[in-house]
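You will see chain A twice below: alongside chain B first, and alongside chain C after that.
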Partner chain A sequence: MTLKIKNPGLATSIQDLGRIGYFHLGIPIGGAMDRYALRAANMLVGNDEGAACLEAVFMGPEIEFTETATVAVTGAELPIKVDGEIQDSWSSFVVKAGQTLSFGFLQSGARIYIAVSGGITTPEALGSRSTYPIGALGGVEGRAIQAGDELPTGGTQGAGAGRTVADSLRRKPDTPARLRVLPGLYWHRLTDEAGAAFFEDEWKVAPEADRMGYRFKGGRPLEFVDREQPFGAGADPSNIVDGCYSYGSIQVPGGTEPIVLHRDAVSGGGYFTLGAIISADMDLIGQLQPHTPVKFEKVDMDQSLAARRDRKAMLERIRQDLS
Partner chain B sequence: MAQVLSPLPGTFYTKPSPEAEVFKSEGAAVAVGDTIALVEVMKTFIEIKSEIAGTFTSYLIEDGTPVQAGQALAEVAG
Partner chain C sequence: MKTRYTFGGDEHVYVEIDDEMSLDAFFKSLSMSNAVRDAKIEGVTEICPANASFQVRFDPDVISPNEIMAKVMELEHKAESAEKRLTTRIVEIPVYYKDPWTHETLMRFRERHQDPSGTDLDYAAKINGFENADDFIEAHHSQPWFVSMVGFVAGLPFLYQLVEREKQLQVPKYLSPRTDTPKQTVGYGGCFSCIYSVRGAGGYQMFGVTPMPIYDPEQKVAHLKDFMVFFKPGDIVKWKPIDRTEYDEILAAVEDGTYVPRIAEVEFDLDDFNADMSGTNAKMLEALNDA
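And now, the complex of A and B:
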């Protein structure tokens, strides 16, 4: 069974749960920006939770099916159509051989995950099908999908129509979006006033936000504690002697616009990082449109781990509901 | 009268570059597939093309402002 791509959308790519174990070599984990939504989509159609799906951002693709399959679309609210007929999001439906899946205008959120029964079965690269365009790994020849591509799938019939994720388990950002931050190793570089301002101010997602990093604008510029410039660090007060970056870490070049490193992150560099978005909130960032208002909220390690447990419990409830 | 809608969120531009003329002025002929405006998102400029032929009426929002998916960008008299 193949998926014929008639129109690819904006930057639609094949993603799974990522390429684990190569960050120390500079190759990021990649994978779905919103992993929760990808897992839910796969569960709805009866796939393994980590099967490869299509991740589409802001605009949906147009896809013709060569065989009948079960399909589910989760994440953002983007009207789903099968030969023009509207389908429910976060629910399974059947697309018959010869029918076309297409989408309307984005209503909320940023990214959809399209799971097809059997999963997309393009070749793995370093243990994952996730597309990492900068490293030309995974996906279709290491790139986003294009018109004319024919994507192979596992070709199973799947779990059938009518399975759904309860409203209370469809995780979406609030307005303003609330992103929890664990302050990090370089927090001491900020003045107390600047540290407080970072959490007080409302920020907005910048249009250049992408899979590598989500940039934010609109808060007060950060002020730094005076220092003697260490050997090997740049002259700007936001520079450090090069260090490792974590996923979710927040760098602020020049102290003006925070950038949260996301799934396709660089692994290190010379900017201080004030902390990191907690793992439980990384998925939410994947659903933020440009210009969305955002508040950062300070948490400690106990709160971060509790949030991770809460998110796991939500996934477990979906598993139970669909088992 | 038909409206040209933005297929995606981003920043709206009426010109191909800051120094250039607008894509369409009032009264200009519009053919199907003509570029009417740009929307910038994720470091990419997406050309917004007309799906109808006719005469350009006006832009509905200002150059350089944020837009949402589905928002009306311009009007064309068919």
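And now, the complex of A and C:
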């Protein structure tokens, strides 16, 4: 069974749950930006939760199916069509051999996950099918999909139509989006006033927002504690001796525009980081469009772990509903 | 040196050995991250050593943040007593300084540079007190370098020169990062040199380009058959200046699969090095010349 790509959309790529263990060489974990949505899509069609799906941003692709399969689309909201007929999101449906899956204009969110029964079975690179274009790894020849590509799938019939994720379990960002932050790393570089302003101000997602990182603008510039810069760090007060970056860590070059590193993060560099987005909120970032208002919310470690448990419990409920 | 422990969100322990760069800080961070690896702590998923710091990624569903933090802290004394000695390799990397491709790129991004009137090399020479770019290039390649971190993007090495601190070259990064850097550009930022393993964004000053691939996911070239990434922390590098003719010859050899980099195995002992830097370097360069 193959998926014939008639129109690739904007930047549609093959993603799974990523490749662990190569960040020390600068190769990031990658994988779905919204892992919750990817897992849900796979569960709906009867796949392993980590099977490779298509991640499409802002715009859906157009795909012809060579054989019949179960399909589900989760994440962002946009009209889903099979030969023009509208289908429900966060629900399984069947696409028959010869039919075409296509999409209307984006209504909310930023990224959709398209799961196909059997999963996409392009070759693995370092243990994952996730596409990492900077390193030309995974996906189709290490790149986003293009018109004319024929993507192999596991070719199973899947779980069939009519399975659905309850409304209350479809996780979406609030307005303004709330992103919880655990202060740490180089937080001490900020003055108390700057640290407070970071959480008080409303920020907006900047146009520079992709799989590597999301940039934010609109808050007050951050002031640094005065110091003589350490040897090797560089002259700007936002510089440090190049170190590792955490996934979700927030750097603020020059103190002006925070950047949250995401799944295709650079593994290190010379900018101070003030802490990191908690693991439970990383998925939400993947659903933010440019210009979305955002509030950063300060939490402690216990709150971070509680949020992580909540998210796991939601996934567990989907698992039970669909088992 | 005062070690600082902190969390990066709920999935990372971050350990800063020192806020300034030194080989002592590097060796301690390498020893400590090795000790964490050897301890095989359940729930640890990635260990990333850096110049003067390191990071441990863990799964908080398997090990609690406080527990992993305590385990990492316990390993500090082990790293302090570890030998500051490495069996490693010295690698000759050919560099075509003042090449046409980085020149084209640096001219394209001139408005983002501290000194739009000259080149990156002219600027680096001037602020480090050299008469001209050629004297600066001489200082850049005459003494070897130490790979103190691999990362940023796939397989990119950060290198620290094996000379006294007063002889260290220091150059700021671009005022605003470029959106383009040619593949295999030899760059410079802070006290670090680097080789851009792939084409892409970058903020380091650009001095030249090497024809030797250091990252290849298809593993076509001979020296990347074992693994797609060439460098690892602890490697030692000697830049070798080459001209356009040599550049083209090496490139042709790379393309037909016959290129073999010059490499020699060496011992590097930090105490010996600190006691006699030029003597230690001379011995390593001799080993390289004999290879």
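Everything below uses one rule, namely that the second predicted complex is superposed on the first by the 323 of 323 C-alpha atoms of A that agree within 3 Å, B and C clash if a C-alpha of one lies under 4 Å from a C-alpha of the other, contacts with A are read in each partner's own complex, and residues count from 1 in each chain.
To be clear about the criterion, contacts are C-beta pairs under 8 Å (C-beta built on N, C-alpha and C of every residue); 3 or more make two chains touch, one makes a residue touch a chain.
All of these numbers come straight from a predicted model, not from anything done at the bench.
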Please work out whether A:L10 is in contact with chain B alone, chain C alone, both, or neither, and reply first, second, both or neither.
first
Does the superposition put A:M59 against chain B (first), chain C (second), both, or neither?
first
Would you sort A:F23 into first (chain B), second (chain C), both or neither based on which partner it touches?
second
One more residue to check, A:L106. First (chain B), second (chain C), both or neither?
first
Looking at the overlay, what does A:S279 touch: chain B (first), chain C (second), both, or neither?
second
Chain A contact check, chain B vs chain C, more residues touched by chain C
With the two complexes superposed on chain A, say which partner A:G218 touches: chain B (first), chain C (second), both, or neither.
neither
In the superposed arrangement, which partner chain does A:D210 touch: chain B (first), chain C (second), both, or neither?
first
Mind pulling up the chain B residues that touch chain A in the complex?
5, 7-11, 40-44, 46, 66, 68-70
Hey, which residues of chain A end up touching chain C in the complex?
20-21, 23-27, 125, 132, 134-137, 142, 182, 184-185, 187, 230-236, 239-249, 266-270, 273, 275-279, 301, 304-305, 308, 312
Residue numbers on chain A that touch chain B, as the complex places them:
10-11, 57-59, 105-107, 207-210, 289-291
Which of the residues in chain C come into contact with chain A in the complex?
6-12, 14, 16, 18-22, 45-55, 57, 60-61, 64-65, 149-156, 158, 160, 165, 168, 170, 172-173, 189-192, 197-198, 200, 215, 217, 229, 232
